[in-house]
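One structure is given here, and the rest of the page talks about it.
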């Protein structure tokens, strides 16, 4: 290949701005995180947390106080130095009143104290053993006070890359930052992101040679690349959970037997095939393989149509039962919905599919009145069992037992103990059929042969460009 | 003195053209500039003149299809343009029209029976059967057969169509038929048939014609009186034989001089 | 001329006022709001609320309407919620693609349609005519996104002559820019060209029946020359009318084609802005489209006068 | 068109109509294709080779075979069955969208032609105004407000048809109003409404029929475009447009999947266009006269 | 050698109802400077006859017989060669002055076009010539109106422009197909006078078509009376007018209302109406409407019967008719 120092990366969605602390779109992090902006810690492909802007950290035994030693000699791209003040500014800003940070609540619980220029202490109001992970996410990037407000259009970070140009709607170019502390680390001089949402166009762009890497690519486009020696297909797990959310508050879905019937009617394999073209691993609860304390719960509500029918009858539900399924735009939801609707039809549940945009889904299904029976969505937050302890959450799952168990998990710092409790929580959700747990999606990427350093697993959605090369 | 059948007094009609300038009056076409004449009952009037002299405009005004800028059209003493709608309807019984184009004046979608009965529908509510009978009579009067009742206009020749149009005009037993160039679209041999027919009907039913034509000979053949129209004014009027023999107005003279005589003048 | 212009300007203003009210009203009842969407599902309600305040979404509709109109009159279209950059910039960037794309597509449409239409008319009812008209029937029946994919398959993937999509702007030169617009323009043009070719054919046939064609031939002008020199210009009135309507169809068609060729155009901007509830962008874009359609129809009327001298005196 | 030829629908009642129709090539082909479209939709109510909703992941994306004549789709459903059932949606879209445009547009156009003056001016400005919003755009806005779905898509397409029909109706009706037979009817004392119903409407009906067949075809395509954007027919209800847009994502792996609905649309549109062309010829009075 | 020699010209047209013989055996000759008139009612084949001279028949037409123009056969001649003759050697004026000119070209361009085509003049030269021509045909102020468009002229003026166009290359034969039917009597007179003047001036041959006997009487020396695609009577104008040998000619003359005739007289009519070409009997086309017709009339085409003074009539019942004075 002639162009050893540049690469074109295809992405499905365009970021609506480049400030991950102001906007939740995951496309922002995929462009800027670890490339332009950095955080104290780094989450790696295998899920391990390693130092980044922090050199090391210590945790107090009560898991509430963290002391971070910061890396020295780091400069922002506008020449300002990186130090403890910048860290305090960033975290206070993220938790502050005017903050539009998606994790505002996390930061509001933190109080940041500057010990010296290169030491900060974080005091957390709640116990959260995952804090080092949270601080490795894009919402926890360290910004420079003077440039912070213009990060959306002129991002200024400490990372190995800086924004070169952005043709909105089309492509965005990052080039190597001269002020980066370790000039040899990034091998690519120039990386272009191209935004292509149409699945067929994604495939075409790869085949026509317009794009070197597509990450992640629409699952429907993958098959043809598997057999093609010019390309490599990479796919790995994530922390995401694609579920059929069931409104636990609505009749007759408030009856556990009905929910179990629904789960029993679902053939997860078929759903994975239909919704994600096979790119997924079945899950039985709101938890994914590879996460701390995972247990296999897929056997708790296995695919069994006869049982499903019996359960429905037991619950006294008159068939056909009419339910609506509200589906947001992504293909996994639209396609998965079609499959599940067909499956539920077999046990006498007539599902009316209602396709909505994200805006509607957010304001009516997820937020506000929780006006829905069934919906399909992928929960990408790594640790979000806590949502089942909130009766107001859109699941409407209201279990005293689970809330108590979850409180206990939060208080527990001891790893094996925690793992055991987490296992119990998973089983409890599965037994209660709190939702239709479907699968852990795998996000396939397609790249030209010769592209190296692509992350296989995706614990978080980033493109770590400094690891990539030809 | 009896009231004339038709009395046209000082008829003026100016057409406004679309405005060309934002401010300033729209351009005017002065189609008629004060035309007066009258037609006594049972007599026929011809109107001749070159193209654009306002002949058809007179026809439209007499038929109350258009409103005059000023002046009046009186039919048996009633001013058509001031009559209330109901009385106008009744007055229309007495005046019917025959148009120039035998292809365009019959609705291609309607049967001959419907076309001919149209004036009846609009006026009095006679029964279907009675209507059909009258249509039959009317068609017979113009020399068409009852079997033609259910045919469509496209099944007839030009001359036959003009007969249908005349039958339609006859059905209300009108006192006046306004005929705007009724034969100029027809072939010479057919033209003679239609002219003869019109003449017969005049004798038979005592109908008056207001005959509009640019062919002097046609007018001469059918009318008791002729008006020569020039630039929206009547420049000369009188009995045709007399007028054509002793034209006084230079325009009439020019008109007459231009008519080619069917006497060979070119010798090889 | 002045009266005509005056009427036109009035129409334009009335259209824009109407459009502004309709667009604003329609978008008001869209469920969901930009703040929630920008912050995502997991955002805390506090964050969403503070963003809404920042964007001015918490003010009454009335105030926002006047704010928008007032801003527009001052030449300030506001800032996009999603991109947090001025709408003017966004739109101008997109226009730099969409307008050339629509013009290029219109050019293809016209050339193809005239060639096919006139050729078919010249071979009226012969094999060539029937064949070409059959082709246009097929052209009309093919959805443009489908044809677009086909073009990509052949010219980008198989032959690799063009890139499969994308647009790098005009900085690399006109040729490079046009090259990336070629396939999209073609896929937009095919359907419209098929329609226009049929119109052209029947208009040409109609004109060919006119007396002056026989006059021209009686002068010794050959059949071909009669067609191109005498007939075509006379046949252009209905053709140009349809072209005017097609231009707005083309603008709308870009929404789909820009999606397939991942072009940063106005159509896609509107489509995305609607689903992002970036209403300020939608409002301004729709106004722009409406204005463009009115202006194009104005140009069409001017063209009439260019084509047909009879219209000069009275209509313009 | 500079002059609108208004064919006579009287020809429809002419005894020779059907005989001539059979000998008219494009009418005959068009009629057969349109009949097939109707037949497919009708048959799908009582019989399809497979259930169009029955998924079979084990047999997805199969090439045409003896059991699945046209192969299977991404969910392992039988494409042939989907195609049959999909015809229903396409017909529905066409009929209702054209119906809305035809009824409302024709009424407006007739009113404009009959009343002239400022009524006409007003109606025409209104249609100008609505033409400034392309169909897809208004459909996108409508579906955004009222939710995606076939009904809203149909209504949006139908509304877009209104100004088109209004303009055509007005132009043709104006031509009729200037005919001498209308003057004759007026001379008989007929009112505006009676003339509109008895003379104008019958005489422009042929134009409207032809335009309807064209608009019908365009509506099918518009539904396909909306489905491509996810705004048309909603699953599990199949429509050709939706099949096509779904197949579009599989163009590289299973190109045949896009060919079937594409061909179905093309044939239906072709049929309707031919039918319209044929009707125009058959209803032309000049041809009828030469019978 | 005569300028034009037409022998047994037959034209068949493809119509909706099958083939129609629009022209069935027309013969005539025309010397240089001679004027020929053709009369007959609508649809009798007048236009088709002259269009076949120009090679401007619809593509569905098939022509047999012979047309010798200065000795060269025009029937079957290629399009290219016909283009060279049209507008150069043969000029033509059409009926409708309102539509015969291209509305979107200036008159200078239209009048100059044949000159540029056949004489290879430059645009400027053609324009100069056009000016001279327009002056000649009596367009007032021609110099200032060269760049005007047809719609800016009156009907009579347009017909003059049409004449200028036909005369541009000084043709040997001028064909005028009902050049005045659409015009007023006063203007008709001007135009006919102009044509007569020009023909005399340039020594051209003229074929003038009209359905108006008056026009024919005043403009031409020889005439043909056509009916149903056939020439039923021909000869010097004065003779035909005097003799009116054919029943149709008689009917035609009698059907015209005469100016100055006393009121109340009835017009003589020909029963029936003009037949359609497809319905014509194999014999005499007029048989169906002729009061003298016998069975033979329907079955055999009457031969041309020569009469004194170059007069010819196609009728087998001449003897019976001769007794009745016209």
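By written order: A, B, C, D and E. Residues from 1 in each chain.
Going forward, a contact is a pair of C-beta atoms (placed from the backbone, for glycine too) under 8 Å apart; a residue touches a chain by one contact, two chains touch by 3 or more.
Not measured: the values here are computed from a predicted model.
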{"item": "Number of steps on the shortest touching-chain route linking subunit A and subunit B", "value": "2"}
{"item": "Furthest chain, CA centroid comparison against subunit B", "value": "A"}
{"item": "Euclidean distance of C-alpha centroids - subunit A vs subunit D, Å", "value": "46"}
{"item": "Whole-Å separation of chain centres (CA-atom averages), subunit B against subunit C", "value": "53"}
{"item": "Residues of subunit A touching at least two other chains", "value": "198, 200, 204, 207, 329, 357, 360"}
{"item": "Sites on subunit D touched by subunit A in the complex", "value": "53-55, 57, 60, 74-75, 144, 147-149, 230, 234-236, 248-253"}
{"item": "Of subunit A, residues touching subunit C in the complex", "value": "16-17, 22-25, 97-105, 152-153, 167-171, 194-198, 200-201, 204-205, 207-210, 329, 357-364, 366-367, 377, 381, 384"}
{"item": "Complex contacts: residues of subunit E adjacent to subunit C", "value": "54, 56, 79-80, 83-88, 91-92, 94-96, 99-105, 113-114, 117-118, 149, 151, 162, 165-166, 168"}
{"item": "Partner subunit C, residues of subunit D touching it in the complex", "value": "1-3, 125, 128-129, 131-137, 140-142, 144-145, 217, 221, 224-225, 228-229, 241, 244-245, 248, 251-252, 258, 262, 265-270, 273-274"}
{"item": "In the complex with subunit D, residue positions of subunit B that touch it", "value": "60, 63-65, 88-89, 92, 96-97, 99-101, 104-110, 115, 118-119, 121-123, 152, 154, 165, 168"}
